[in-house]
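Presented sequentially are two complexes of subunit A, the first with subunit B as partner and the second with subunit C.
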Partner chain A sequence: MTARSLFIPITLLLVIAFLIGPFLIIVAASFSAGETLAFPPQGFSLRWIAKVFTVESFRASFGMSLFLAIGGTAAALVLGIPASYALSRYKLPGAEIVRTIVSAPIIVPGIIVGLALLRYIVVPFQVGITLALFLAHTALVLPYAVRVVSASLDNLRSDIEEAAVLLGSSRLGAFFRVVMPNIRGGIMSAFILGFVTSFNQVPVSLFLSGPGVRTLPVDMIAYMEIVFDPSVAALSSLLAFLSIGIVFIAERFLGFSRYV
Partner chain B sequence: MSDASYLSLEKLTLAYGDSVAVANLDLDIRKGELIALLGPSGCGKTTTMRAIAGLLAVKSGHVRLDGADITRMPANKRAVGLMFQSYALFPHLSVYENVAFGLKLKGMRGTELETKVQSGLKSVGLSTFANRKPAELSGGQQQRVALARSMVMEPKVLLLDEPLSNLDARLRLEMRTELQRVQKETGVTMIFVTHDQAEALALADRIVVMKSGKIEQIGSPEDIYNRPTSSFVADFVGFENIFPLENGKMKTSAGLIDLSGKAPSAAGLAWRPRMVTLGTGPFQGTVRGTSFAGDAREYLLDTALGPIKAEVEASQPPHALGAGLTFDLPAEKAAPLSRFV
Partner chain C sequence: MFQNRAEALALALPAAIFAAAVFLVPVVILLSDGFRAPTGGWTISAYTDFFSNSLNQTVFLRTLRLSALVTVASAVIGYAAAFAIVSLEPGAKGKVTGLVVLPLMISPVARTYAWIVILGRTGIVNQAFQALGITEAPLRILFSETAIFIGLLQLFLPLMIISLISALENMPKDAIPAARVLGANWFQVFWKVVLPLTKEGLVIGGTLVFTGSLTAYITPAILGGSKVLMLETLLYQQVAVSNNFVAASVIAFILIVMSFAANILLKRVATARNKQRSQA
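For the complex of A and B:
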C-alpha cells in the first residue's frame, strides 16, 4: 500500500470519528457509575438512566416538547398541505415569493427568529408562553412540510383529479379521494421530519421559556448549569436513540429518503 | 332536438384569460357518431374537448347535449367520459378499484357493482388483471383500463384525447379496432382529438379539421382526403403542391399560368406528389432531391413555378440529382380549393 492509497481511507475514518465520536462519548458516559459527567466512564451502572425518569422537570418538559412536536407539526401540515397544493397546481402570481417567505425560518438563524418573536409578538401582544412556543414551532416546521409535500405533489399527475371529477366526484372530493392517498408517504415523511426538527430545536425555544414552561432541550441546558451529573448524558442518549429509531422505522416503511 | 344534433356547440368561444383559443365555433354531432377533431397543436381541438367535458369554462356560446343546455353544468354532472392521453389512472387503486371508482360514487354497491365492474373488465379483456396496480400494466393495458373506467359509467359522450398516439404501430391497430368495436356495441357518441391525419382517416365517421380556433372543413374521411376545400386542409392531408388561382390562372413565381380554362371558379389548386406527371408536359424542372420510399420514389424539383414535389412508382427508372425533367400538373386531377389562406 502506498501513502496515496491510504490517504482516502484514513481521511474517511477521521471524518467518521469526528462525526460520531462525540455521540459515542456521550453514550458511554451515560452508563457511568461515577457522580460527575466524565469520560472515560467510571464503572458501569444504569443509575443515571433510571434517574432521568425521576427528575420532575424532565417529565414536564418532555411532555411540552412532545406536545409541540406533534401539535406544531400537525398544524404546519394543516397549513402546509393546502399551501403546497396551491403552489404546485396553480400558476399563482408571486408563487416564488411565497415559497421563499415560507422557507425563511430555515434560512434565518433561530436566535433571530426567537428574539423577534419575543420582542415583537410575545411582549407587545401578551401572548402566553405555551401559545408562543406552539406558534414558533409551527412556523419552524412549515418550511419542511411545504417542501416535502410539494415534492410529492410535483410527482403526481394533476389529470387524475380531472379524471375523478369526470367520474362524478367534486373537486374537493377528488382531492381527498385521489390526491391525498397518493401523497400519504410524503405527508408521513414531512411529519417525521417536522417532529424531529421541532423536538431537537433549541435557539428559538430558548427565548420562549417561562416559569414551568420549557422544552426538553432547554430544560437540559438549565439542568446542566446547576447539576453536573451523567443524567444529562443519559437523557441525550435516550433522545438520540429515539430519533434514530423514528427515522429508521420511517425509512423502512416509507422510503423516507425518497422524500427528503 | 333533432337527430342530427345530439351534441351541439353553438357559437362557442373559449379563452384562456384574454387569449381566445376557440372563436364562434358551430358544430352538430349525431347520436352514435365517431367524430375526429383534427388539427395541429394550438388549433383549439383540445380546448374544445375540455369545454365539452366541463373542465374549461365557456366564455360565450352554448353546449347542448341530448336536448339539455349543459353550458354551465359542472363536469361531474354531465355524463361525459374522457379518456386522457396519459390515461390518468389512479395509481393507488387496483384495476378493479379504478373501474369501480365512478360507480361507487353513484352509490352502486354489492353484487350490482361487482357484476358491472367485472363485465367492464371483461369487455376490454382484462378480467385476470383486476388486482394489479396500474404501474404493473403495459401502456396498452392501462389504456384499456381507462376505456373500461369511462365506459362502465355509460356516458352520453366519450371524449378521447389522442387515443393512439402513445402506442406502437401494432397496438395502435389493436386499439383502433377496439374503439370501433366498443362504439358499435354500445352506440356511444365518440369524439376524439388528434393531430395525426392517418388516425382520423382510419377511425372517424366524420372529421372536423380545425385551425387557429376555427373549423376549416367538416367532412367524411373521403371528403377530407380527396376533396380538401382549403389550402390548409390540402396541405395537412398531403397535397404538397398548392397554388393560388387568379382569374382562372395559376399564380406562380414564374407569373400567371393559363390552365386553359379549367377549374376557373376555384381560389386555388392542389396536387398530391403522386398526381404530378413526370417525363412529359409543358414545365421544366431540375431534380434537387430524391428519396426512396419502398414502393415509390420521391423527387423534389426546382422549377420556375417554385419547388415541386413529385412521386412515381419505384419500378420507373430513377432520375439522377441535377437531371433536367419535363413535368405536368394535370388540372383535371387537381383538388380545387375554395379558400386559399
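For the complex of A and C:
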C-alpha cells in the first residue's frame, strides 16, 4: 500500500467518525441504566427512553413544536405558492423587491427576528405568545417555501397552462388542474424542508416563550442546564431517528434532494 | 408570461406584506434603536459605548476569531474529505456523501449535546487522557473556546464538504494528471491548479460556514456556558439578564452587517461564475 492509497480510507474514516460518532455516543448513552449522563453507558435499560414520554414539559413543548412546524409551514406555503407563481409566470412590477422581502428572513439571524417580534409586535399589540411563535415560524419558513416552489415552477414549461387557458379553462382552473399536479413533489419537499427547519429552530423562539409555552428544543436546553440525566440524550436520539426517517422516506418517494 | 399586473400583485402581495409586517419592519425598528439618542435625534454613542467595554471587545474578537478558525479548519479538512469522496466508485460515493449529509438532518441541540458527553469532566476524552497518564486531574475542556470550536466545526463541516465535492466534480477531469505530467508536485497541483479551479466552491462553503458560526446560538450556549460568550449569547444575556435593549440592538446590527457582507461576497462570486459560464 502506498501512502496515497491509505490517504483516502483514513481521511474518510476520521471525518465520518467526527461527524457521526457523537451521534452514536448519544444513542448509546440513552440506553444507560445509570443515573447520570455517561459514556460508556452503565448497564442497559430503556428507563430514560420511557422517561422522556412522562416528562410533562416535554409533552407540552413537543405538541407546540409539532403545531408550529405543521401550521407554520402550511401557512408559509399558502402565502408562498401564489407568490412563487407570480414571480415565475407574471411580469410582476417590483419583482426583485418582492423576492428580496420574502427571502430576507433567511439571512437575518433568528435571535434578532425573535427579539424584534417580541418588542414591536407582541408587546405593543398584546399578541399572545402562541400566535407570535406561529408568525415567527411562518416568516422563517417562507424563504424556503418560495425557493423550492419557484424552482419546481421554473422547471415546468409554462406553455402547458397557457394551452389550458386557450382551450377555455380559467386561470385558476388551469393552476389547480394543470400546474398543481405537476409541482406536487416540489410542494411536498418544501413542506418537509420547512417542517425540519421549523422543528429544529432555536434562536427565533428564545425570546418568544411564556408560562408553559415553549418549543421543544428550547425546552431541552433549559432542562439540560438543570438536570444531568440521560433523558435529553434519549429524547435527542428519538428526534434524530424521526427526522432521518422523514427525510429518508421523502428521498425515497419524492427524490427530495432534487428540490433542495 | 402573463401580462395581467393586477393578478400578479394579488398573488404576490400577501406574502410580501406578511414578511414586511412580521419581519422587515420590526427588525428595522430594532436596528434603529441603537442609533437613537435619549434626547431625540441620532447618535452613534451606543456603538462607542459598546466597543469601549472590554468584555464586549473580548466577545466581539472571540466571535470573529472562532468563526474564522472554524472556516479555515473546515476548508482544510473539507478539501481532504472532498478529494477522498470524489475519488470513490460511484456507488460508494453516494453512500459516503449520504453519511456526510446525515448530521444536517439531526437537531443541532442533539448534535451539540453529544459533546458534553465527550468533553465533560468524566467524558471520554478525559477518561482516555487519565488512563494513558497524559493528565492527572480531569482537564476542563467544556465551557471553553476549544469546546465551541469543536462544536461549530462539527456542525458546519458538512456544508463545506458538499460545496467542495461539487466544485471538484466540475473541475476538468484531466487537469490534475496534466499538471503532474508537466512536473508539478502535489503542493503545486493543489495551489496552482485545484485551488483556482474550485475557488467558487470554497467561497460558497466558506460563506456558509462563516455566517453559520457567526450567528450560531446553540453551540456557544451549550458548550461555552455563561462565561465564554459569543455575540449571539451576549445578545441573549443583554436582553434576558440586563434588560439592555440598546446593547442588544448594537449587537444585532453588527451581526447583520457581517452576515450581509458575507452574503454579498457570495452573490458576487455566483454572478461572476454565471458570466463565465454564459461566455463559455
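The rule is short, and it goes like this: the second predicted complex is superposed on the first by the 260 of 260 C-alpha atoms of A that agree within 3 Å, B and C clash if a C-alpha of one lies under 4 Å from a C-alpha of the other, contacts with A are read in each partner's own complex, and residues count from 1 in each chain.
Everything below uses one rule, namely that a contact is a pair of C-beta atoms (placed from the backbone, for glycine too) under 8 Å apart; a residue touches a chain by one contact, two chains touch by 3 or more.
All of these numbers come straight from a predicted model, not from anything done at the bench.
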- Contacts of A:Val196 with subunit B and subunit C, given as first, second, both or neither: second
- Between subunit B (first) and subunit C (second), which does A:Ala116 come into contact with in this model arrangement: first, second, both, or neither? second
- Item | Which of subunit B and subunit C A:Ala163 touches, first, second, both or neither | first
- Task: For A:Gln42, decide between first (touching subunit B), second (touching subunit C), both and neither.
- Result: neither
- Query: Does subunit B (first) or subunit C (second) touch A:Ser57, or do both, or does neither?
  - Reply: neither
- Message: Output check: A:Pro181 vs subunit B and subunit C. Expected answer is one of first, second, both, neither. What do you get?
- Response: first
- Item | subunit A: partner with more touched residues, subunit B or subunit C | C
- Message: So subunit A touches subunit B in one structure and subunit C in the other; where do those two contact lists coincide?
- Response: none
- Flag every residue of subunit A that touches subunit C in the complex, lowest number first. 7-9, 11-12, 15-16, 18-20, 22-23, 25-26, 29, 37-39, 79-80, 82-83, 85-87, 89-93, 95, 97-98, 101-102, 104-105, 107-113, 115-117, 119-121, 135-136, 138-139, 142, 146, 158, 171, 196, 199-200, 202-203, 206-207, 217, 220-221, 224, 232-233, 236-237, 239-240, 243-244, 247
- Note on the structure: In the complex, the residues of subunit A that touch subunit B are 156-157, 159-160, 162-170, 173, 177-178, 181-182
- Note on the structure: Listed in rising order, subunit B residues that touch subunit A in their complex are 53-55, 75-76, 78, 80-82, 84, 86, 88-92, 101-102, 105-106, 149-150, 153
- Seen from subunit C, its contact residues with subunit A in the complex are 1-5, 7-9, 11-12, 14-16, 18-20, 22-27, 29-30, 77, 80-81, 83-85, 87-88, 96, 99-100, 102-103, 105-111, 113-118, 120, 122-124, 154, 157-158, 161, 215, 217-218, 221-222, 232, 235-236, 239-240, 245, 248, 252, 255-256, 259-260, 263
